[in-house]
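The letters A, B, C and D name the chains in turn, as written, and every chain counts its residues from 1.
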Amino acid sequence: MALKTAEQYYSSLRQLNPTVYVLGEKVENAIDHPLIKGQVAGVAQTYALAQDPEGKELLVAESRLIGGEVSRFLRLHESVDDLLVKVKMLRFLSQRIGTCYMRCTGMDASNAIGVVTYEVDKKYDTNYHERFLNYLKYVQQNDLVIWSGLTDVKGDRSLRPSAQADPDMYLHIVDKTKDGIIVRGAKLHQSGSLCAHEGLIMPTREMREGDKDYAVCFATPVDAEGIIHVYGRGTLEARALEGIDLGNVEFSKFCPLVIFDNVFVPWEKVFLCGEYEFAGELVRTFGDYHRQSHGGCKSGVGDILVGAAAAIAEYNGIPNISHINAKLTEMIKTCQTMYGCCIASSVEGKKSDSGIYLVDSVLANTSKLYEGKEYHEVIRLLVEIAGGLVADLPSEKDLHNPEIGHFIEKYLKGVADVPTEDRMRMFRLIEKLAFETRDIVSNIHGGGSPEAHRMSLLRDTDLEPKKKLARKLAGIKEKD
Amino acid sequence: MALKTAEQYYSSLRQLNPTVYVLGEKVENAIDHPLIKGQVAGVAQTYALAQDPEGKELLVAESRLIGGEVSRFLRLHESVDDLLVKVKMLRFLSQRIGTCYMRCTGMDASNAIGVVTYEVDKKYDTNYHERFLNYLKYVQQNDLVIWSGLTDVKGDRSLRPSAQADPDMYLHIVDKTKDGIIVRGAKLHQSGSLCAHEGLIMPTREMREGDKDYAVCFATPVDAEGIIHVYGRGTLEARALEGIDLGNVEFSKFCPLVIFDNVFVPWEKVFLCGEYEFAGELVRTFGDYHRQSHGGCKSGVGDILVGAAAAIAEYNGIPNISHINAKLTEMIKTCQTMYGCCIASSVEGKKSDSGIYLVDSVLANTSKLYEGKEYHEVIRLLVEIAGGLVADLPSEKDLHNPEIGHFIEKYLKGVADVPTEDRMRMFRLIEKLAFETRDIVSNIHGGGSPEAHRMSLLRDTDLEPKKKLARKLAGIKEKD
Amino acid sequence: MALKTAEQYYSSLRQLNPTVYVLGEKVENAIDHPLIKGQVAGVAQTYALAQDPEGKELLVAESRLIGGEVSRFLRLHESVDDLLVKVKMLRFLSQRIGTCYMRCTGMDASNAIGVVTYEVDKKYDTNYHERFLNYLKYVQQNDLVIWSGLTDVKGDRSLRPSAQADPDMYLHIVDKTKDGIIVRGAKLHQSGSLCAHEGLIMPTREMREGDKDYAVCFATPVDAEGIIHVYGRGTLEARALEGIDLGNVEFSKFCPLVIFDNVFVPWEKVFLCGEYEFAGELVRTFGDYHRQSHGGCKSGVGDILVGAAAAIAEYNGIPNISHINAKLTEMIKTCQTMYGCCIASSVEGKKSDSGIYLVDSVLANTSKLYEGKEYHEVIRLLVEIAGGLVADLPSEKDLHNPEIGHFIEKYLKGVADVPTEDRMRMFRLIEKLAFETRDIVSNIHGGGSPEAHRMSLLRDTDLEPKKKLARKLAGIKEKD
Amino acid sequence: MALKTAEQYYSSLRQLNPTVYVLGEKVENAIDHPLIKGQVAGVAQTYALAQDPEGKELLVAESRLIGGEVSRFLRLHESVDDLLVKVKMLRFLSQRIGTCYMRCTGMDASNAIGVVTYEVDKKYDTNYHERFLNYLKYVQQNDLVIWSGLTDVKGDRSLRPSAQADPDMYLHIVDKTKDGIIVRGAKLHQSGSLCAHEGLIMPTREMREGDKDYAVCFATPVDAEGIIHVYGRGTLEARALEGIDLGNVEFSKFCPLVIFDNVFVPWEKVFLCGEYEFAGELVRTFGDYHRQSHGGCKSGVGDILVGAAAAIAEYNGIPNISHINAKLTEMIKTCQTMYGCCIASSVEGKKSDSGIYLVDSVLANTSKLYEGKEYHEVIRLLVEIAGGLVADLPSEKDLHNPEIGHFIEKYLKGVADVPTEDRMRMFRLIEKLAFETRDIVSNIHGGGSPEAHRMSLLRDTDLEPKKKLARKLAGIKEKD
């Protein structure tokens, strides 16, 4: 049973019992909570579409580890073609979900851990890589969802992990026993943690010798004892709580703070434990994979942004105006830029010693920089095209109110052949696309902040050959 | 009693009885409704600060019409200096309110109507200007709040008012009696209508002869029979409804749709009635004033954006990092650009035939274009500086929950000397500043869309002398 | 003899006898003229580097037409891999030449004519495709350089070709005989025409029925009777004329106006003759190929821009300053964006009916749009990093003047270990890279103007599926 | 004789005898040299236009020092109105000259020295201020041109002046006698030095105690013994040397390196001598004045850029195309932004202790940042509108060649009613405007580099009150 249906996915989640708080209240059956269920529905689509012929091409592939078909989200990249299909798969899914389905993080974490555990073993004669492959077999066999926990709460950002007033500001090992390790700390922005069965937890930065206990990587069930998921508030919650005016009628996103209050992890699920000099490589490898994932994902959401802009221009009666066309062109340009750089980052991918394929870092970070800045302008252009009703559309409840419903119907009408309700729905979708914080802030800060991308881009560019080329053209003799 | 206190302002509002719907429900005492009261509090500050010595300098000035001190919001601009003080007043208020206090619309409408009624009378020997001055005396004597209603719902935007399938898509005169006129239609995005006592209603575009009945301008009480205010939904409503996690703890904004269902207006409050060729001038004059108002207002909000960015950088422990400084510089640059162009637009202001001073249109529109585009980048920079907690901060209710409150307190701590709660409050403020639709969309679409500003800028620039200068330098002989 | 050496290339050029005017003078042996020879030297590199092991990998490939190795510039694209290698070849060459070597135009023209002649033949049962393949065999066998002539002088741009006051503003057929056709007109911006043996002349826009005589495509020797090459002036000519302060010490660019004064073309070299409805497809196909070529080329020049910026920062003593790094990052980002989108445009390439591979138009045009705008900012950043000496560096003649040479040596010194002359050379290179019009204007207008790229991008994007995805997410029912 | 005519200006220059090298040759009567005379002609316009009624309003004002009318370039700012007129004067002149007339540097230096000498005297009881006022009387009485020398050659930019391997990399005092001081060093980018009678020489940066000898400010005749002017090369020199294809037919710019080889300065012309802590204030005060000057100047050049763009669009036959209008709008927007911020920087100017008015630094630097970046885009837009002929227009010599002149006449024709020669002239002007290095690089590096402007902007913004406003709105209690 390597491929679950969406229904089986829902059943499997119901067998878990995570500790969850939402808006100050402890919550049972969290996956049915109105502020949570939208993203579970999105993840369920990654199962449902794997059954669809078009989706299967992208979402399903052969496993070398267990034989037979498994979800691409649980596989290691074995070729440049795998890297290409990854980008296309993410675009395909985002086009159909329009928000986060969070499984890229597990895929990116798995590949990064695969690459780096191989390096660690080579240096220290440890057996992390084998442990990790065994773990991967287990998740493939059970077709699980993995969430990846990276971002620590960080406390005072000018201080290293071990220099913080409170040692728990970065997740760390507080004890080791013969059976495993005990960890403490907290991870922020854990997109969709409650949609997952398992988490892969990694360091959030490079570490030095003094930070040894912070150099830890492991897997854990989402409902392990001591793990607490605390819902982080977003915009538009009143809509989800009322079940109306949703914009994206089925799918949404949430990002809890996940607290690790002395959580036990058995040795077979520990993949790094004190080898501090590999923490940086792990997070950078994950980072490059994940920045590429963003490009695939957000160019797919970009197709929705462009489609919504074109649709609302039509509904407003101005589909073929010169300045609207100029704006659509600019929107498409940015989305294709993100996509194009990610495709190129696959083509220029290289095989690591572990056999797993790495993406080209400079191109992946280039793509992400557009997401961080110009994509925000894409969203602004969408709002500019749509008009002011993105800000202050009356509720669907007003449309259905017996006293004023006919006024709403009458006055929010656009072109003759589009029902008022359709136009209202399109405005609501645009509002959601443009103002849902969990999505928008992810454009800027997901996969690291733009400053991190700039640093990666420059660090991974070799300036010496370029300087040499310039000196040659200028007629400058090289020194011996 | 030309200057009310804030308390008197509240009392006076309670004597009105507007028809209001919020989320499908008819609402009494709307000004106390959690989704409405935040902006009433903002407007109340324009009364309170008029009593404050620093504020009085800007907010209060002598009236030629009634003698004695009146609110600057109710005055006509009598000099370049008045235009300068206007910009400074708006910046001052925005710095203290951080969102919309909506009185600029009434001021801008009054001045535009003052300018244009004078022109109409000159052509048609009507007495609109006198009527309007009488009306202005009344609002000055009673220190009222005026809202201005401009934006029609517009239906199919490719069609002129009189060509729409439904003739009511632009507000128009449906009947005239010996006592006055009857109007029908609806105005969108009516920022803070319920904070006002009176509305000044104007056409939203130029008109042609066939659109004569749409060329109408008048004043009306906010609670006239037939006027219905329908609340337009925004982003962070769950917070306001719960009274927690507000961000801006006192002030907020709302923008209803205001329906005019056969509303009667007596002749003495009618200031344009069919003189269609003046509709364009009226809306353009208002537009120029209002685009300048935006520059004053939003550079003041910009001071908050910059201050919040600097504060959160400090709370996060990275106050003096080179890339943070570069971002702060960029933010300040854009805000000062908006402000600087508005100041210049005052300096280059000119006296109209009515004696009322006009602003320089090109500079006012230049300022507004930065608000429409680069200011969105200012907001993005704020989010980039602040970090991911803008997206998904747990609730203050989690902070106060007895079981997990200590975790929130512990893990959301930044630098040592700043309480966790203060840091959370700053993140909430940033969330509000960056994601409150009624504010953000106003940056883009308030005072017309950027396309309208571009058109105004080009239309009001005389290219001929510039071409002549170029030809001269190039040595091209002028033709006779 | 399918692959010439650089020397053989020079000899073969000397056997031609084109009519050339430079600055008002008729010139013999034009390829030795100081304003011409720099680009001949660049093209010679495309021969020399084909002998170099690294270069050969990219520059040489097997010909299906004649068997054996031929220059990639003369081949048709037989696979996605060919499209990928093309981009890499162009980047490789630009890194070594730093300016235009013009052979991409011939390659792009050949492939476009290959694709479209196949289509024309299918419709009209003509034999253009076979003619063209025969012609291609000839150029492959003789390893010739082809220039492609596209841009007509256009006259009044608001008028179609056949509507111009002077019918010659677009090149057209003025007569047909049993042996061939006679053409008249003029082509602008003919980069490096005198470096070529042959030209492929094409229409510059789509045509309608009335423009039939303008729908003409043919090959011609560069020195055919009636062809006149008139040198177009650039910046920095005084340097070339004096042979000093050159910046790029070996290579340069020129772009003549080429006049066709009743030029005869034999039928076997005519590839389109009146089939007006294919003119648009021909120019668009060429355009897409050529915009992709630009991305490969200019990302290679971009490596020089980045290298020169890094080198001069070092020479000035500020190699590791935070703001310099930020600027270098931005420069690299734009160059990689252009490159990445071109690589992706190859990957998403498709086989045409002719068997020749087409690039993805949207991605190729996306890349070109960055060259048109952001690349200009890359150049500005280079100047910003370098400092004011880009503007006004004294001459090498001053350095060698016996009276003041020691002052120049002394005062233009930067860091201790870099000779003043090297620093001066680097500034000169930067001046050339930033201010040589023929190069810089090509960034903006080469391969069509940005407006053309925007139109192509939007025209080749299908908005319907995107609108449908948006409607689905918004919960809007599709109409039957 | 406080106001010279243009002829008197020329005569007075001819009485000077500066040491000048151009392209490795010593040159007598330099002001007649084809590479020099264009800027002398520009400066002569500042005399000629002072006689013109419109120009006189701006260029001439009453002197408190000597009584009667003097050139505004030689006056101290006595009011906000003076600061406003300054901006308008510079725009007026640039509109008529289209390039640099260099007198703003003398005006800005005079005012800065006036402000700072007053401060120094107050602290050290020196009499620099009186000396300087006496000097100013002299230049006013003789209506001289002052050039200001600021930018040292700087050597290794990571080292302070006194830490350089060669102590002369910043100009410094090498000896003091009872009569005066001896200075050595060199100043770069000395726009138009040979158009001046006198120079005001200042430090280029703040100094520390060890740099005492570098803290020197003085006046000197342009032809003092030991001063050598070495011409710095620009782009379009071949044209000036041939006297054809000039673009701007009368005016041009040059920027020599000026070497001070043990130059003697009498005490009465020394205005700072070792008071190192005032060097920073002096350069910053000059900087703020000069950045404002740039805004006035370059918005005037911007009028030419806009005019040339509009004219060439007309000549090409596409004057009213939507995308051309959008580009013109963007061009105007940036120019008005620079202008608007400078006007505001005047309005917010403040009186210094010396009585001289200072500009608002933040607004002046804001304006300059647009010149440094967005103005480069304005130029790109001009090239984009104009088309490829900016790059490679045949020479006027080709137009007049008897064999091919008729072809040039025919094929370079645009719309019917514009002579080919006029169109060619407009393209030449655009080439000059877009590619003359001495002008373009000044946009970026004039008045300091953009990084300096960013630093000034942030340093002169008080963030504390802004943070306080943000904390107040967020409901954060202030600490006691």
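Annotations for the structure displayed:
Criterion: contacts are C-beta pairs under 8 Å (C-beta built on N, C-alpha and C of every residue); 3 or more make two chains touch, one makes a residue touch a chain.
All values reported here derive from a predicted model rather than from experimental measurement.
The set of chains in contact with chain A as well as chain C comprises B, D. Superposition angle, chain A onto chain D, using Cα atoms only: 180 degrees, a multiple of 5 between 0 and 180.
At the far end from chain D, in terms of centres built from Cα atoms, lies A. With centres taken as mean Cα positions, chain D sits 51 Å from chain A. Here the CA centre of chain B is 40 Å from the CA centre of chain D. The mean-CA centres of chain C and chain D are about 38 angstrom from one another, to the nearest whole unit. Under the contact definition stated at the top, the residues of chain A that touch 2 or more other chains are 323, 326. The touching residues of chain D, when paired with chain B in their complex, are 84, 95-98, 247-251, 303-304, 306-308, 310-311, 314, 325-326, 328-329, 332-333, 336-337, 339-341, 343-345, 347-348, 362-363, 366-367, 369-370, 422, 425-426, 428-429, 454, 457-458, 461, 463, 465-477. Every residue of chain D that touches chain A in the complex is listed here, in rising order: 322-323, 326.
For chain A in complex with chain B, the touching residues are 21, 23-26, 151, 153, 155-159, 165-166, 168-169, 186, 188-189, 228, 230-239, 241, 245, 254-257, 259, 261, 316-318, 323, 372-373, 376-377, 380, 383-384, 387-395, 397-398, 400-401, 403-404, 407-408, 410-416, 431, 435, 437-438, 440-442, 444-445, 449-451.
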